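So, here come the structures, one by one.
Each of the two complexes below includes subunit A, the first together with subunit B, the second together with subunit C.
Coming up: the complex of A and B.
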C-alpha cells in the first residue's frame, strides 16, 4: 500500500509600503489609491513602513485606519514600522492608535507577525 | 455590536444636534459592525416627533426620547433607558451645557456617564469642549469672579467624573494634552471632528455667481457674536455696495433674544439677512451662495463644525486668531485669512483680502476642500468603532 500525500500550501501575501515624506491631506489620496488597488487584489496583510515619514496628520492617519478596518474585515491586518520623526508619531499617540496598530521592527515583517 | 448613543438629534434644536445627526447618519451605515443602534434623545416640545428614514441594509435604529434640557432627573431616566436597551457600548455626544443652562441640571446630567459606568456598562464620551478652555463670561456663565471660581472648581470635579469612563474623545489635540497633563488621564484620545459632506472628486464651486456674500453660521449670542461682523460689513459697504451679509442660524440656548437685539441695534446697516433656523436641507444652498464664511468668535469651546462644513463646500474662511482655532486649522490642514478677535476693522480687512482677490478666494477654498475631504466623518465614525472593539476586548 502506498502512502497518500496531500499537499496544502498556505501563501500569505504581505505588501510593505515604505513611505518617505509628509503624509497629509494632499498626499493621502495617492496612498489611498495604492491601498485600494492592493485590497482589490485580495491583499489583506499590509505593513506601512513609516520610518522616513516626516509628518503625519489626521488625513494621513485616516488612510492607515481605513486600510486597517478593511483588512480586518477580510481576516487580515495592518502592521506599522514606527516613524522616527516625533511630528509623525504625535498623531498616532494622540489618537491612541499606537495602542490599536501593532508596531513591528523591520526584521519582523516575515509572516510570524501575522 | 449594540450601541446606545445619548445625543441631541434634529428636529430637536439642542446644541450638538447637527453633529449628532451626521454622526448617526454614518453609524447607521456600519451594518458590518453594528447590529443595533438606540438613540437616547431629548424630548421634543408637544407635537414634535422624531422620524428617521430607513434604508435597506442600514443598521436598525430605535429612538427613545428619555431626557429633557434643564430637568433634574436626566441621569436616572437615561440609566433606565440604557438598562432597557442593554447595549455593548454607550456613547455620549456631550458639551458642558448639554443637559441644561443652569448649573445644577447641567452638572447632574454630566454625572450620567459615571453613573452608567458604575452600573456596569462600557461608556465612551465625545466631549466637544473642556472646562479649562471655556471662557465662562463669553459662554454665558459667570460674570462674578467668585462665581467663576466656583464654576471652575465644579468643572474640575465634573471633569474627573467624566474621565472615569472607558474612553473620552476630544476634537482638538491640545485638549488631549490638557486632560492628560492636569488629570493624569490615560483614556483620552483625539478624534477629529471630520467633514459632514460626502467627498467627491470635483471641487465644488468656490466662487459662486451673484452678489458677493459673506456668511456666518451657528447659534449666536455667547462666544459666537455677530456684532463685529455687522460693523465690519458696514465698513466694507462704501466700496462694496452690493455686498450681502447672511447671518444664518438662531440664538444660542444660553442667549435668548440676542439676534433680535442685534437686528434692532444695527437696523441702519443694509444688505444684512437673518435666516433664522436653517434646516439640514437648506444647508447646501446657504453655504453654496457664500463667497466667504466668517467666524466672528470671541473664544472657542471646541472644534468648529462650521469650519469643516465650509471646507466640505470648498469655501474660503476668515477666522479669529484664537489659540484653539488656529491650532486646529494648522493640525487639520485648513487655510484662511485671520483677524484680531473683537476687532471689526481687522475683520473687515480680512474679508477684503478674500473678496477683492479671486485667486486667493479660490486658493483657500480648494485648500479647505482638500483638508475636509481628507477626513470625512464617515471615517471618524470608524475610528470610534475600532476603539470600541478595543474597549470590549478588555
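Coming up: the complex of A and C.
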C-alpha cells in the first residue's frame, strides 16, 4: 500500500505600494489607476507604505478607502505603513480611519501582515 | 499685519501654488509646523471643493486666494464666481468611518482644523473665510 499525497499550494500576492511625496487631488488619480490595475489582476492584498508621504488630503484618502472596500469584497484587505509626517497622519486621525485601517511595520508585511 | 493675494486657475495642479505660499508665509513668521500643516490641509480641502463643486472641473475659471497673518490669527479667504454652495455649515459633520464613505470629508475637515469657517454669497460671488487662531485648539 502506498501513501497518497495531495499537495495544495496557496499563494497570496501582496503588493506593497511605497508612495513618496504629496498624495492629494492632483496625484490621487495616478494611484487609483495603479490600484485598479492590480485589482483587475485579482491582487486583493495591498500595503500602502505611506512612510514618505508628506501630505495626504481627502482625495488621497478616498483612494485608500476605495481600495480597502474593493479588496475586502474579494476577501482581501489593505494595510498601511504609517506616515512619518504629521501633516500626512493628521487626516487619518481626524477622520478616525486610523481605527479602520490596520497599520503595520515594514517588517510585518510578510508573513504576519495578513 | 501681513497679507498676500494670488489668483489661480481652478485646477488640481494649480492648488500647490497657494499651498507653497501659505507654508512660506507661516514658516517665515515662525508658526509651529503642526499649525502650518492644519492650515495647509484646510486650504487644500477648500480649494479642491471649489474646483470640484463651484466650478465643476472647468479649468478656465479662476479662484482668488488671500492670506492675512497677524499676531493672533491666520485667515484664508477665497473668492470664486462658480456655483453657489448648497450646504448648512452647522449641519456638516465627519462621516462615520465604518461606512467607508469615499467622500464628504472636505468641509468636515475644514471645520475640525480651523477655528472659524464662514461662507457668503452675493449674487454670483462666493466668499469663503477660514480663520485659525494661534495658541488655541479648534
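Just so it is clear, the second predicted complex is superposed on the first by the 113 of 114 C-alpha atoms of A that agree within 3 Å, B and C clash if a C-alpha of one lies under 4 Å from a C-alpha of the other, contacts with A are read in each partner's own complex, and residues count from 1 in each chain.
The rule is short, and it goes like this: a residue touches a chain if its C-beta (ideal position, glycine included) is under 8 Å from a C-beta of that chain, and two chains touch if they have at least 3 such contacts.
These figures come from a predicted structure and were not determined experimentally.
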* Can A:65 be said to touch subunit B (first), subunit C (second), both, or neither? -> both
* Return first, second, both or neither, reflecting whether A:35 touches subunit B, subunit C, both chains, or no partner chain. => neither
* If you stack the two complexes on chain A, which partner ends up touching A:57: first (subunit B), second (subunit C), both, or neither? -> both
* Taking the superposition as given, does A:25 touch the first partner, subunit B, the second, subunit C, both, or neither? -> both
* Classify the contacts of A:73 with the two partner chains as first (subunit B alone), second (subunit C alone), both, or neither. => first
* In the overlay, answer first, second, both or neither for which of subunit B and subunit C A:46 touches. => neither
* Asked: First (subunit B), second (subunit C), both or neither: which does A:81 touch?
  -> neither
* To do: Take the contacts of subunit A with subunit B and those with subunit C, and give the residues found in both.
  => 24-26, 57-59, 62, 65-66, 68-69, 90-91, 94-97, 99-100
* Please give the residue numbers of subunit A that touch subunit C in the complex, ascending. => 22, 24-26, 55, 57-59, 61-62, 65-66, 68-69, 86-87, 90-91, 94-97, 99-100
* Write out the stretch or stretches of subunit B touching subunit A in their complex. => 32, 173, 176, 189-192, 331-333, 370-371, 373-375, 379, 382-383, 386-387, 390
* So in the complex, which bits of subunit C are touching subunit A? -> 12-13, 15-16, 33-34, 37-38, 40-41, 44-45, 48, 51, 94-95, 97-98, 100-103, 105-106, 109, 112-113
* In the complex, go through subunit A and note every residue touching subunit B. => 24-26, 28, 57-60, 62, 65-66, 68-69, 73, 90-91, 94-97, 99-100
